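Across the two complexes that follow, subunit A remains constant while its partner is subunit B and subsequently subunit C.
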Partner chain A sequence: MPILSFAWLALLFSVPLWMADLYVLHVLIVTGIFIIAAMSLNLLLGYTGQLSLGHVAFFGIGAYVSSLVSLGCQVHLLPHWQVSLAAQPVWVGMLSGVAAAGLSGFLIGKIAFKVRGAYFVIVTVSFAEVVHLVALNWVELTQGPMALNNIRPLTLSIPFLVDISFARKPASYYLVLTVALVAYVLIRRLVRSRAGRAMVALRENEPLAASVGVDVTRYLVLATVLSAAIAGAAGVLYAHYVRIVDPDIFLFIYTVIMVIMVISGGKGTLAGPIVGGLIFGLLPEVLRAFAIKPEVQWVIYGVLMVLIVYFLPEGIVPAARSAWLALARPAAWRNAPRLMR
Partner chain B sequence: MEQLLQHGVNALVLGGTYALLGIGLTLIFGIMRVVNFTHGELYSFGAYMMFLWVMQAGVNFFLALPLAVLLGLLLGAGIELLLLRRLRGADIDTTMLVMIGAWIALQNFEQLCWSGVAKSIATPFPAAPLVLGPVAVSWNRLFVFIVAIALIAATQALVKGTRLGKAMRATFQDRDTAALMGVDIALIHTATFALGSALAAAAGALLGPVFVVYPTMGDLASLKAFAIVILGGLGSIPGAAAGGFILAFIEELGAGYISSGYRDAMGFLLIIVILLVRPTGLVAQRERIS
Partner chain C sequence: MTGAPAELAVDGLTVRFGGLTALDAVAFEVRAGEVLSLIGPNGAGKTSAFNAITGYIVPAAGEIRYRGTRLNGLKPSAVAALGLVRTFQKTSVFAGQTVHDNVLIGAHLRSRQRPLAILSGLPSVAREERELRQCARDILDFVGLSARSAEIAAALPYGELRLLEVAIALAARPRLLLLDEPVSGMNPVETRSFMGLLARIREQSVAVLLVEHDMNMVMGVSDRIVCLNHGRIIASGAPAEIQSNPDVIRAYLGERFMRRR
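Right after this comes the complex of A and B.
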């Protein structure tokens, strides 16, 4: 298995070397950013079983905070009390973006986990809509629909050692890939730890898990904070890559895209969001190659979503794993417990 | 004071259609346990049907209205038969994802047919408003209010007074026991979804001519309907009607006295505050927190 992982890594890292088409690289970068966001959603949806339909809020908060800190900003909080912040280095902005997203994850987790199921979904959707309206209406801070422009790309310079600007596409690709790998490793370590097993226990049977001593709210909030911080990191990367942020970043459709990526790939599997993300990140480009109108693309998107839920309710990765097991080791597959299939 | 009165009148008119939206959703959500993201889509479908019949086909306004509601009823029944029937008993996330998929497909189909440009619908009402002392209300809005109240009363009568309504209430209380008593659950689900959808389409068909019609108009309508259901309590028609009017008043006052930009945020803040202060909701609903 390590050999296969290294082969994947080598393939991913070699892409800018043999891919000369910058547009393809651009598509891969944006897809990579959404895969990071989908991985973070998977932590909540797949492992704790809580469907957050406000996930784009964390993505957008990361993007906005990072942009504002790196650009500098000033606001009047009370009539005579003005707060201003000078422009900070980009990496400071990026870290603040991730921290702000994580913090908002903590706050919303504390509030939203008082309820479950459909009500949790509605609270998270409401939270995202409120953040969206604030971004749209607090013009002094966010420029509202005029958008934040001229966001600088990340530059790293340690004297005599490194001096890299992430303005060009190959460098951006490596940045996104690195963050994605870090997020992947973090999530993998968490879900395979004691805390991760507690989360799965909560998903499978909350009253039972609570009765054997799992601190329900604590683990749910922990998952939300990490998930929000990673989603915020994706938003940070997005802001400094496209270099413009407007309130449309909070559109509900982006949450839906993340959910589709997780569900189609296979929620609760580490590879699921990556597989689903690649399919649904690249699909619009493939459809565009056939020069179909954007509305038709979205109709196809919606219909595909319905079909996946009907025919692959567990997602592509578990279905493929089950098919592989059945082919390679039929006896073991027949005897495997239901959950393992 | 005059300003407050005017806001109150505006809120009454808006509240009537919010109540229709909320009642439709509370029936679907309560009886079927489906988080129905297509609800707002039915709302915009109703508005587009008005546009189609009045502006494109030249049908009389008062004939087009029941036609739009009827088509909403049929579309709702179609969605239930095609998508939801085979998902009965599936978990709530699964049905929700299917409804999101249907919502995306429907909305973009509308955009394909009528483009993303906002459309307005001509009404047969006189342009001069009706002035009653300090407040003024347009004839069109008055018509919207009266029809909405009539539809709310009719729905209440249907659910409380007919055999079908009794079966619906029984299914809401306990699906399995209702089935054992001989209630055809599949039929009740189709009827519920069709009725809820028809009410959403009616709200859209009524408000479409007041404002303008555009494909994404239903997105906020869906979320507001959820807010109303949380306010009013699951499956309660009087609760949803009251919730609709409360939400309209809060929005109208918030827009008038705080900032019009945050008009749509009021409902969401309300949900968050309610769930923060009283997680069980205004009307005690034990299942929310379990």
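Right after this comes the complex of A and C.
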């Protein structure tokens, strides 16, 4: 349905043109960043079936590395041996952030190469906690709880051609939207290829997958690297948008929010994290707009979450799809494909 | 067939689980294009032999060679890449996927896509995907599951699930197919049609190592039979020899069979 896709794209790209309220734009930007992170989590949770409950670590590593490279930094590795890095252009920092997150994803994938299920969860949670402690205590590098301040926004300038600063909200919106689209396209290509099938095979039946020659570990590592790099990209965007990064970026609640977005939207579907991300990203703001007290907001948030998980255990997108199929082709409904594509 | 060279050579294969010796210095070979059956009572070590050959368990001793390549210590996926593809005793499919996608996953080894090519969306990837889909359709045709192509695997009746398992294995382009009790749970009509399928698989010059309890099928399709009992080979030879071997009859076919003769 290319027409529908174009309509969606036109809508998304036109938002800053008709939306004058900068606060709404801010909410959309932050939601968009979380949707990117949720999409990356979905690649692991939805397709390989492995729950990365420390996913925020990749997000935070992206944010910290990008900030540090763009600000420059100095550390004493040994008492008399000081390493310093001069401030680099922001785009160099951003690429370093994505690369560092991808690299840490590679390490986690390698360490976790034989662990599945609960053990994978433990490895990822521990990793996130370790990174959090490093960010908190390596004050010389990260400023610890004092936070990294004055992080510059991205500016792109090619002499006489372009000179864009992403300091303002509409520009930031376009930046986040572009990264989100790139991430979506990459994930879509991956899951619709032999690599994506290998990941689904790992989720559904690992011994059988190995019996037909799927090198399961290899594809789990590939999924972890790409997932971590995309989560890192989300963190990079976050750092240069909010322009301050402190160790609270590694809070467990952020991982939980990503998981909620993926599960409620529908894990293992391309649209799931986007739908879930829009609902749970925008919901607090919508509730606030109705002047509902914060305590009540969170109650509504929680109740809605329970209702979705209870009534639509597969998530919103698969439920909507089978409802649509039931309307369109009642006979084919019972045997309709559930997940994938 | 007896003159054909050995493709798979198993020598001195020993498998232990703690204090239990599941296989004790077992030696046999599978020759090019033949159907070799492993029979024996439950617990004789047939499935352990399968698991050891295909890399799912590590043997305590012995050597497994396929066309000169040592298989000991290889991962299951590496064994499959050499052309040895197995099925499982317990029904094993990708339950949540469509029948067609099950076979498509099975076709993993036919595919040459590299991660970077996939991520950059090269046209060669799309072309190969079309070829793989056609190939999956051909395989479903071959085993007779075309009509079920769009259904979720979990929704198939038992007999068709077993066919799907074979289809998944065939998609991996085996040169030696290892079937672990493929007709268990099938009715006689389904078994007969499965024997027809097996004959057509042989025509593709695929050798078959078969573990099966259904004696009609074993006697009907096998070129040679190896009979195991308590982890040891007690007899091997052509079906007629096995049927008349007193050890085999005592250990496996039972007294009733003996009286009937």
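What we mean here is this: the second predicted complex is superposed on the first by the 315 of 341 C-alpha atoms of A that agree within 3 Å, B and C clash if a C-alpha of one lies under 4 Å from a C-alpha of the other, contacts with A are read in each partner's own complex, and residues count from 1 in each chain.
We take it that contacts are C-beta pairs under 8 Å (C-beta built on N, C-alpha and C of every residue); 3 or more make two chains touch, one makes a residue touch a chain.
Note that this is a predicted model, so its numbers are computed, not measured.
Engineer: Could you say whether A:Pro79 touches subunit B, subunit C, both of them, or neither, answering first, second, both or neither?
Structural biologist: A:Pro79 sits against neither subunit B nor subunit C.
Engineer: Is A:Pro2 contacted by the first partner subunit B, the second partner subunit C, both or neither?
Structural biologist: In the superposition, A:Pro2 contacts neither subunit B nor subunit C.
Engineer: In the overlaid three-chain picture, which partner chain does A:Ser193 touch, first (subunit B) or second (subunit C), both, or neither?
Structural biologist: A:Ser193 contacts subunit C only, not subunit B.
Engineer: So in the superposed three-chain picture, is A:Val214 touching just subunit B, just subunit C, both, or none of them (first/second/both/neither)?
Structural biologist: It touches subunit C, and subunit B stays clear.
Engineer: Using the touch definition from the top, say if A:Leu222 reaches subunit B (first), subunit C (second), both or neither.
Structural biologist: Touch status of A:Leu222: second partner only.
Engineer: Look at A:Ala201 in the shared chain and tell me whether it touches subunit B only, subunit C only, both, or neither; answer first, second, both or neither.
Structural biologist: Only subunit C is touched by A:Ala201; subunit B is not.
Engineer: Of the partners subunit B and subunit C, which touch A:Ile111 in the superposed model: first, second, both, neither?
Structural biologist: In the superposition, A:Ile111 touches subunit B alone.
Engineer: If I apply the document's touch criterion, which positions on subunit A are contacted by subunit B in one structure and by subunit C in the other?
Structural biologist: Of subunit A, no residue contacts subunit B in one complex and subunit C in the other.
Engineer: For subunit C, which residues count as touching subunit A in their complex?
Structural biologist: Contact set of subunit C toward subunit A: 54, 56, 75-78, 80-81, 85-88, 92-98, 101, 104-106, 108-109, 111, 113, 115, 118-119, 121, 125, 129, 132, 150-152, 155, 168-169, 171-172.
Engineer: Touching residues of subunit B toward subunit A in the complex: what are they?
Structural biologist: 29, 33, 35, 83, 86, 92-94, 96-98, 100-109, 111-112, 219, 223, 226-227, 230, 259, 261-262, 264-265, 267-269, 271-272, 275-276, 279, 287-290
Engineer: Which positions of subunit A touch subunit C when the two form their complex?
Structural biologist: 185-186, 189-190, 192-195, 197-198, 200-201, 204-205, 207-216, 222, 226, 334-340
Engineer: Name, in rising order, each residue of subunit A that touches subunit B in their complex.
Structural biologist: Residues 51, 111-112, 114-119, 121-123, 125-127, 129-130, 133-134, 136-137, 252-253, 256, 259, 263, 293, 295-296, 298-299, 301-306, 309-310, 313.
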